[in-house]
Amino acid sequence: MSASESPSSTATLLVACDDCPGLVAALAQALYNQGANIFHAEQHTDSVAGRFFQRIHFEDPELEGPDREAAESRLLATVRAVGARYGMKWQLRFEERPMRMAIFVSKTDHCLYDLLLRHRSGELLCEIPLIVSNHESLRPVAEQFGVPFQVFPIDSKNKAEVEARELEVLAENEVDLVVMARYMQILTENFIGQFKERIINIHHSFLPAFAGGRPYHQAFDRGVKLIGATAHYATGDLDEGPIIEQDVIHVSHRESVADLVRLGKDVERTVLSRAVRLHLESRIFVHNNRTVVFTG
Amino acid sequence: MSASESPSSTATLLVACDDCPGLVAALAQALYNQGANIFHAEQHTDSVAGRFFQRIHFEDPELEGPDREAAESRLLATVRAVGARYGMKWQLRFEERPMRMAIFVSKTDHCLYDLLLRHRSGELLCEIPLIVSNHESLRPVAEQFGVPFQVFPIDSKNKAEVEARELEVLAENEVDLVVMARYMQILTENFIGQFKERIINIHHSFLPAFAGGRPYHQAFDRGVKLIGATAHYATGDLDEGPIIEQDVIHVSHRESVADLVRLGKDVERTVLSRAVRLHLESRIFVHNNRTVVFTG
Amino acid sequence: MSASESPSSTATLLVACDDCPGLVAALAQALYNQGANIFHAEQHTDSVAGRFFQRIHFEDPELEGPDREAAESRLLATVRAVGARYGMKWQLRFEERPMRMAIFVSKTDHCLYDLLLRHRSGELLCEIPLIVSNHESLRPVAEQFGVPFQVFPIDSKNKAEVEARELEVLAENEVDLVVMARYMQILTENFIGQFKERIINIHHSFLPAFAGGRPYHQAFDRGVKLIGATAHYATGDLDEGPIIEQDVIHVSHRESVADLVRLGKDVERTVLSRAVRLHLESRIFVHNNRTVVFTG
Amino acid sequence: MSASESPSSTATLLVACDDCPGLVAALAQALYNQGANIFHAEQHTDSVAGRFFQRIHFEDPELEGPDREAAESRLLATVRAVGARYGMKWQLRFEERPMRMAIFVSKTDHCLYDLLLRHRSGELLCEIPLIVSNHESLRPVAEQFGVPFQVFPIDSKNKAEVEARELEVLAENEVDLVVMARYMQILTENFIGQFKERIINIHHSFLPAFAGGRPYHQAFDRGVKLIGATAHYATGDLDEGPIIEQDVIHVSHRESVADLVRLGKDVERTVLSRAVRLHLESRIFVHNNRTVVFTG
């Protein structure tokens, strides 16, 4: 969004459908007829899957007009019509209503701080109605940033019940996105199913290497010369979800496991924040357990 | 280009014009009406300069039909019409006719080898009708790859005359792009003017740091912890042309000037090859001495 | 330092002298005779300058014995004797007494947060007796971390006088290291002279490119494809001091100046923290305006 | 080695033994007494394994004297004495006799070219007495560089017999190091056993991810955002040997498998060449299937 753009008149459209000629023209024409002005469009055709993906970031001046509701409805109707014609999966987000993000944490604070600081400095356009934890440890951090903090202790017996209460709280807070910022609990398939492609997890290895527990210990034992982190959508298969973002740093024989943990924190927080930002800006599609990420 | 695409039916359109509503729709519609199918489109609006840039990679089945010449003419007429309506600067390249690239070298061979190997393995889609040098040294390399090699010795007095003959040879060979692969001569403004935005040079520093001669010596003296390389279009102002690509690597106090030269070669060849590839695929615009590079 | 090492018995010796045979043996033997055990030694010979540098990290069990003071004196006497024999410049730091670091800030908080968080998590072994600023803005951050915050407003007329008071406060607090964490004032030569090679500044460009003010604006105007940051010791020549650490990230035509500022913050804080850590661990020598940095 | 050093008087000593006090002093003193001058020493203590490693690069002027053989013998005797005292595993290499490296290839040429070009430019200090292949394809490359090329076709039945002949040829050529530069055959345990820690292989993924065949296909299917390469010593367990060097590059949804193969070639050749260089300079120890790599 350039300096002159106003959040109240801009929106982002994501569409995915089977590839066929004329898609780009049809969408551009429909928006143009509606009076919209395209700021940026990015597209991808997965020629193996025969699938077309497009993200269109545009402005519709009528959204700032006297009857916003009517303007939104007209836009939705326009997109619905094109979408129906081509069998599109689509999503339209108005920038005036940023997503609402809940952060789940345990005891480690580096990812939480990173998200809160970037949010405060305006890098992450979202609302953060609450932080959820299974421990009290990070309450002071939440308080520093004025974000409500709710603790749900979990033991081997109460997980289903606790998750049910967490889901209630997320619903009450109209949460769109759950970010697991080094939350050390495995969510059940039921929970994940209710936030399909809306739960981002950070795993502290360059997946698929070192899936499962204690990845830095595994990395040390294998003697790798790189350590990394992977942000992915949570799915029922642990550490197998679609990958959004990954990065690594070089290490050597000099680093102990403790050093790897320390160095890895920098990669974890960077990778997680980048993935969250991409999601908040509606830049990610998921297809066949792979992501299409528009960064242009 | 995906596996199913055929070079004989594909083309790339570049357009640049002042920004206004409807540009994306107008271009997409015009190509669609013509029977073309857009594989990929990428666009950028420079909101400071108020300038719109788009690259459209598309297929027109009629280009493979019985009358290719007529199909090309129709496409050109279509683009010309839209272009005139919006005051566009535009360029249409048919993939069936790859660019023709001349490589200028002196005595250093790493960039030359890199370009020739990538060309032979199909990474650089172009023809290489000749290699030009002011020395005999690299003739054996040219011969290994079966590329004509012409030597034009240069001294303080004959530069204008030599360049005139070089320009003749380039014209005879219908050269589209000149790549200075560590060519240690400064071209005159006259020469550069005849290949505006079609001469790529590699400078062995992360410009604007260490412009001018002996950049690795300068880097050593300043004690930097990074060395790099910059590929840019040649202009009359030495080392001041629009930057296409840059990269760096980390160095330490352990490296002597000779080490910097050795390590730098890897960055130089990588950066130069990337820039050449971007140019050959018609991915670069120049505006106000800055480049817009579409990598999507 | 490995897990089994105890800060109360370890020390680090830095020596620099003209190169000659036998230096490594002389130092190793002297420490061995004293009962010390070398954990790690790293050395460098600058063959251009004919200069030898070594960092020795070792343990002396007597430092944990009944008479620490006597043990320290014996070690100092040992080093002094070898040092005198070879004309060495040397420095001996006992880990039991970490350095004391003052952080200077203005209004930007990302570097400050990064230093405070890393300090709290144990990554930066030092004490932080105070934060100095020319503005009130960041007092809440200092308070969250329980660090005293002193404000010294500066205008065009009072700089000499303010610096005099700052120097007093630094002396009272026995400060060893001053870190300019985006402190937007130029220190006078007098101030710098009193903390020679003990003031670390972060400049938001890959120096020597874009020295001086507004480096991101300069970078945008030049159209570079990399932006970076440089941590260096402050000297009387602005942005010309010995470079400790540098890094860059890739950018494209898509980034506005505001984007560069945002993206650059990540590089700035990482580069500054690395440089501070290197200094706190006594890993840096300065010679001829270049640094020798032992990272092994 | 600095400019003033002469290969004929320099040597490199590698030692590994259980950690105990006085090792550094003992080695430095022994070499000093012998008249040697240490250019560079690097050490590492693996505190988990209680193991000490050191690499010492030094000059002994007597090696250039009238009786080189006697000088070598004296040095060997000195090292043998210290080694016996501390139970050291050690290795002493005289730079006058560079290693002899055989390159094994199949049909892919990028790693082969990279090694041959770096060898010719003086980056890899070794002799290359022969290239071995199971195909004729790359004979012209070998011929361009004047290196003997021997073909040993392999089928399902003749592997043992062919390897026996290959081992003979390696012995005849006094080969110290075998480099598998994308050699598409699995060596038997017998072959590997005869070149323990002297066979370097390049695997085209960031191991342990995507071990086994077709790693780029695996990477594409998993949708990773990084691809990489790993150079390791070959062991009986395929892709499980000690890792010497790794690197990665970023990729996106845009890359097809063919693109990954193309982009990966750059990482493969860089990683392999770095590993080979480290081995040729006697910078690598192996312990517990991990490497200690001295890069200082």
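Order of writing sets the chain letters: A, B, C and D. Residues in each chain are counted from 1.
Assume contacts are C-beta pairs under 8 Å (C-beta built on N, C-alpha and C of every residue); 3 or more make two chains touch, one makes a residue touch a chain.
Only a predicted model underlies this, so the values are computations on that prediction, with no experimental measurement involved.
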{"item": "Residue-number overlap at the subunit B/subunit C interface, same or different (half cut)", "value": "same"}
{"item": "Chain located farthest away, centre of subunit C as origin (C-alpha)", "value": "B"}
{"item": "Of A-B and A-D, pair with higher C-beta contact tally", "value": "A-D"}
{"item": "Between subunit B and subunit A, distance of the C-alpha-averaged centres to the nearest whole Å", "value": "37"}
{"item": "Chain centre separation in whole Å, for subunit D relative to subunit A (CA means)", "value": "43"}
{"item": "Multi-partner residues of subunit D (at least 2 other chains)", "value": "2-3, 44, 47, 254, 256, 296"}
{"item": "Partner subunit D, residues of subunit A touching it in the complex", "value": "44, 46-48, 206-210, 222-226, 228, 242-248, 252-254, 256, 289-293, 295"}
{"item": "Residue ranges of subunit A touching subunit C (in the complex, touch as defined)", "value": "2-3, 109-110, 113, 117, 121, 123, 144, 254, 256, 258, 262, 265-266, 270, 296"}
{"item": "Subunit B residues within the subunit A interface of the complex", "value": "2-4, 21-22, 24-25, 28-29, 31-32, 37-45, 47, 296"}
